[in-house]
Structure formats: C-alpha cells, structure tokens
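The next block holds one structure in the form of structure tokens; read it before the comments.
The first chain written gets the first letter, and so on, giving A, B and C; residue counts start at 1 in each chain.
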Amino acid sequence: MAPKSNDNLLKVENLEVSYQKLRVLFGVSIEVNPGEVVAIVGRNGMGKTTLFRAIGGFLKKDRGSVVFKGRPIGGLRAFEVAGLGVKYIPQDKQVFGDLKVRENLELGSYATKDYDWDAALNYFPKLKDLLDRKAGHLSGGERQMLLIARALLGKPELILMDEPTEGLAPHVINDLTHAFKEISKKMTLAIIEQNLPMVGEIADRVYCMKEGRIIHTSVDKQEIKDLAFEKCL
Amino acid sequence: MDKELLLSAIVFGFSISAILLLVSFGISIGFGLMRIINMEQMIYYTFGAYITYTTITVFGSFWLGLACGVVVSGILGFIVERVLLKRVYGQELMFTMVVTFSVFLIGIGVIQYVWGLAPKPVSSPTEIMIPIFGVSMPLYRVLVIGIAALVYILLQLLLNKTIIGKALRAGIEDAEKVQGLGINIYKIITFTFVVASGLAGLGGALNAPLIMIGPYMGFDMLLFAFVTVILGGLGSIKGTLVSALILGQVISVGGTIWSPLSYLAPFLVMFFVILIKPTGLYGVAGKAFGFEE
Amino acid sequence: MKGFGGPLLAVLILIIARIAFPAKMNFITEVSIFSIYVIGCNLLYGHLGMVSFGQPFYLSVGAYSTAIYLAYFGTSPMMSLLIGIGAGVVVGLILGPFFVRLRGDYFALVNLAICAIGLFIVEKLLLPITRGDDGLWYRSRMADTLFLDIRKPDNFFLFVMLALLVVLILFKYMDQSVLGASFRAVKGNERKMKFLGYSTFTLKLTGFTFASILSSFSGSLFAINFGFVNPNLGTPGRAADVLVATLIGGAGTVYGPIFGSFAFLGIRDIVSKYILRWELFVGILTILVLFKFQKGIWGNIEVLLYEKFGKKAKPS
C-alpha cells in the first residue's frame, strides 16, 4: 500500500442522486486519498453503482458536490471526467465484442494519446497473446482484464471499479487481486466489492452502504483485515 | 417471362437497391448509435434532389448538382443534429419519433414554399444505353449501382480501418463505455449524422432523374426506407445491405410480374419477416440511449 | 352510475355552443367526430404508450366501409354505421395479434406501412369500386332513419352529440376501472406487468382493437357527414394530425381529446386562410407542444383543478 497524504484526491459531500424520479442516494459523503485503496461494500441495490456512476459523470446529481483534485466535477459529462483522470469500469464485464482486443485498446489510447500498451499489459500478461482475438470471444476473466487494461491507458489517477471479481473463478480472482495490489502502487483505486476477504486484504478504507447512505466507515487496518465491518451489512 | 425482361428487371432492381441503401443507412445507424429513429432522414433525400434540380437549372451540370446536393444535405443534417436532436437524446423513443416526424413535415413545408407544389423533371446526365449480357441497359442506372457500391466499400473501410469508425461501432454496442474512455461520443454522433444525411442527399440526387421530384417524394421513400430498415433490422449495417438487395429485386421483378406488387410487395415481405423475427433479419436489441443527460 | 356528470357536461357545453353560434354548427360537428377519433388515438398512446403513425388507416376503413355500403348495397345510414364499426372490429382483431407483439418503434412504423398500403388499395387497386381520387359519392342514396332523419345536418349534429356522449361515458368508465389501470400500468412498466402475471399481449390487443373501433366509427361518421369519401382521409400525411391533437389536448386524459380536437381544427381553419403550407404548420406546432407544453391543455387544467379542489379531479 502506498503512503497516504492528507489532501483528498476525491471528495464527495452530501451527494443526492435520483434515478428516474426515484431518490437513490441520500446525502452520501466519501473521501479518497492519493495512493489509497478504498472499498465500498453493501448488499445489492444499496446505491453503490449509482454512487460511482454519479462520480463518473454518467448520472446527474440532484444535490451535493463531487470534487476531484480540488476541482468540482459534478456537472461534467462522462468523457470530460474520464479526461481528467477518473476512469469508471462498469460491472457488466462487457467489452466491445465486435472489435478485436487490439482495437479495444486502440480506443483506450485514442482520447488519452497513451500508446504505451506495455505499461498496461504488464499487469495482465495473458492479454498480450490475445491481441488479435475478437473481444467477444474472451472469457469473463479475460474480459475483466481487458476492461481494466483499457482503462489504465492514459495513466488515470483514480480508477473506479464496480464489482470486478463478481462471477469469476477463484484463481482468476487471485490474479486480479495481485494485479490490484500492483496497480495501487501507482494509482488510486476505489472498488465496489461483495468479495469481503479480498477487501480485507487490500483496502485501506472501507465504506458500508445501506439504502443509499453510508452507515459505517472503517479506516483501521486491523479492523479491516478482520472484516469487522462485516456486521454492518 | 423471357430472359431479356428478367435480366433487365434484375439490373433495375439493383439500382433500386442502391438508392434504398443510401437513404436507409442513416436511419439504421441513427438507431444503432443514438437509439433514435430519425423520421426526418428523408428531408435530406428531398433536398438533395431539389438542390440538384436547381443547380442544373442554373449551371446545367448534373454532377455539379449532385455534389451540391450532397453538401447541402450534410450541412442540413449538421444543423438539425446540433440544434434539435441533441435535445432528444435519452428521451423515450416515441418522443423522438414524433419530434423528428415533425421536422420532416416542416421540411416538406419549406420545400413547398421555395419550389412550389408542382413536380419537377430532372434530366439524366446520360441517355446512353450499354449492353450487359446482350441486353440493352441505361448507362445511368449502371452508374447509380456503381456509385452505391463504391460508397458501401468506403463505408466499410471507414468502419473497419479508421479509429472513428471503430469508435462508431463501439458506440453502437455501448455508447457509455466509449465515453468512459474519454472519447467525446457527441462529436462522433454529429459526424455520423452528417455522413448519414449526406448519403441520403446523394440518394436523392441520384434518384432525381429516375423519378419526378415533388415535395412529397420523401414520403414514399420514407416508407420504403423503413421497410428496408425494419426488414434488415434496426442498427445493423449489414442488415440494411442485405435487405436493400432483397427489396430492390422484389420491387423490380415483382413489379414486372404484376404491377401493383412493386408497391405492395416490400410491405408484404416486411410483414412476413417480422412475424417470424420481430426485430428483423439482423436486428440489434434496442434500449433508449442510456445517458441521463 | 357516477361519472355521468362529466361527459354530460361536456356534451351540453357543445350543444350550447352550437346554439350560441349557429353558423359554426358544421365546425362543431366536425370537432365532435374528430374527438372520437382522437379518443381512440389517446387510448393507444396516452393510456398504453403505443404510438401509431397509421391511425388514418383505421379511419378510412370505417369511412370506406360505410361509403361502399351506401353506394352499392343499401340505403340505411344506421346500417352503414354498424358496418363501419364492424369493419373496425374485424381489422383490429386481424391486424392486432401481429402488430401489438412488436416493440414500440416497429409498431409505429408498421402502422405507417399499413396506412400506405391502405391508401394504395383505396386509391389504385380498388379503383373501380372506390373511384379513387374522384371520390365516392352517395349522399343521394341515404334513406331516412328512425326517430331522427340524420340526413339533415341539425339532426345529425344531435346524433353525433349522442354518439360522443356514449363514447365519453364508456371511456370514462374504462378509465376508472381495473382495465384502465391495467392499461396505464402497461405504459408505465410493461416488464413488471408481465412479471406480475398479466398478459400484456391481451391488454394491448384489447386497447388496439378499441382504438381501431373508435377510429373506424369516427370515419363512418365523417362519411355520413360529408356524403362522400376520398383517399385523402387515409393518407399517411395525416397521421400527425391526430397525434398532435392528442398531445395538445393532453395525452392520457378523458376530456383532452375534445380540447385537442377543438384547438387543432380551430387553428387549422384559421391558419389555412393565411398559410397554404399545412405541413410546415403541423410540424412546428407539434414540436412546440412536445417541448413546451407536455401535458396539453386539459392536462394542465387538470393539474390546476387538482390543486384547487383536492380529491375531486385526479390528474392522470
């Protein structure tokens, strides 16, 4: 885990978000410091994805503020937020199936002008052999790796990952966990996860969400390792 | 039916396919990328034809007229997209259909205002007949087929070899994820739209010598374009091609067998296919444009 | 039965208007007939959320059925109306099962297609029977009817009032019944309805057939009103008319269609004196209504009434 600093990388305050006239987030506040791994846990439907999507600019907020590196990003469109260095990786594990793996990466490079694929692919060496395969033919784990590698292009400072290990086989999850540890040495990660053991292993800070609210925060390393926050679910 | 007639009808059919492909592309892609059904696509078709007509009247050159028609259509498409369509992204499909249909009506009104109600003839740039497999065909129709084929090849190159084309294809699959990579999808949408309207304008210009142009020409073509897209499946470019090819033949050969079929047959084919596969031959599943904008 | 009040009041207002403005009787008759047509479209769009770009087809089915009967077979206007309604039922039940299965956008377009086919059939294919663009005339063949000779415009007006009253009552009844609620639920969230065990197919088919019947019925009334029919009744170009009227009046409401018809036909009458470009006008009007005026005239009135009187009027 990289050393923490005191200036927030991301600060969300009192965020209220509605989805099709239904209020989903009720005044959510979280902080992410540079170099941290922050985990958001909670059962399904508690608003975790909505939170990330709102930060990423995919949803409009009703009230509250989202500040990244001291700059408010609450009203920006999704591609602008991504351009500032905040990348959101959705949970559906869908890549651009009709395009090749190589072309998926090309799209990642297009806006960011970052063609240093090696840096991204070093976390996922397996992908190097799959460059010319049609992305739709990859397995679930491979697709998740591609999603992350693609997002890493442009060297984002903050990566928001939505349930990256969901539905994957244990050895794949191991590989991913290892990759996350490596990535977090250079970039800041915020992860939504239901895989609590993995959270315990890598997170510096854990937020529990329930029904659109943060109900518990853990910053104590031991507490996190012991999964003490589990009771809040 | 004797061989000559059949051959003639088949070539005729391909020229119809050519026009159908050009005008339907915009609707299919508009749905695939933006999840809107742009009913006003035919206004670019109509303008393409009328600008060609006016240019010929003033300058006497068909090909210059065609170029102008395409350019004007593209510009119109740009204006409509920037001013109106961006307000309807993310709305219900029905809403956008009614809005774009209204734009279509407005466009017809403008055409009537500027050019009047009477149909206008546009003369073909060449009356030469050439022999194909021993049957005499109008060169112009063959040119139309050639141009459309060229356009299709260019489109495929665009979509498969250029980064914008790939972004477009990615956008058809998942526009949100494209944004998530920092790509300004709205610029891509505008670009796509301009191409689509330009193509519709090309279709109008090319078709002008083959039919009498009138303010309502867009209406009939709208119907055929929709049959083409519905049959092929909204959102699929390949589907549009296959469907255009099929329908061109149905209209032409069918019309040779029994005249009313040239109008009715496409609808019958469409009904039949939809019964079996409600999303058409290669349809893409639709959900409204996912952006909460 | 409660709920008589509103429709009765509405019709009474129309009758008073006719008495107050005798010169406008034809206009009021036309508005009333058009209202029935709009109610059909409103049911489909406002209640079920299904847009159809082909309602003129169903109107012309009714109109031509009536016209052909009167021109070739019989002389009783009442019979011809029944035939018109019957045609609406038949068409609704034949086309319905295929059409309502389609996704919303395909449904809209397929209706546009059938409208074009219908126009073609009437204009060209059945030319010997329908006389195509020349129109089919039969006014001289219409015979007297029981109680009320509806060949006379005054009497026909009363007949239309009666028809409108019946339609409104039935519609209001449906609106407040479980069926009406089910319709609205389909519009709101079809998947959920299916999940709850409702057959959305049957519901949509029912709504579709009702709309078909209403459109045909209004077509028949138009046929008797004018004494002749021509293909213009069923052109796809007119598909927007009924949609605009629905939107102006307030989609999904009971009385919206009347307001919408009034507004639309009224504006058309006024505008056509000054502007020849009809389409331009309809297009601009629709966009304005859609963007600025989403609830429509009656829709906005309903909201006002609700705020003032609480539970009496309930916004849709």
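The rule we apply is simple: contacts are C-beta pairs under 8 Å (C-beta built on N, C-alpha and C of every residue); 3 or more make two chains touch, one makes a residue touch a chain.
All figures in this text were calculated on a predicted structure; none of them were measured in a lab.
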Most widely separated chain from chain B, with each centre as the mean of CA atoms:
A
Taking each chain's centre as the mean of its C-alpha atoms, which one lies nearest the mean of all protein C-alpha atoms here?
B
Hey, how far is the Cα centre of chain A from the one of chain B, in Å?
42
Chain A to chain C: how many Å between their CA centres?
53
For chain B versus chain C, what separation do you get between their C-alpha means, in angstrom?
33
What residues on chain C touch chain B, complex-wise?
45, 49, 51, 53, 98, 101-106, 108-110, 112-114, 116-117, 120, 124-125, 236-237, 240, 243, 247, 276-287, 290-291
Can you name the residues of chain B that touch chain A in the complex?
163, 166-167, 169-170, 173-174, 176-185, 291-293
Which residues, counting only chain B, touch chain C once they are in their complex?
31, 37, 84, 87, 93-95, 97-99, 101-110, 112-113, 216, 219-220, 223, 226-227, 230, 234, 260, 263-264, 267, 270-271, 274-275, 278-279, 286
Give every residue of chain A touching chain B within the complex, in rising order.
19, 56-60, 77-79, 82-83, 87-90, 94, 96-99, 103-104, 106-108, 110-112, 150-151, 153-154
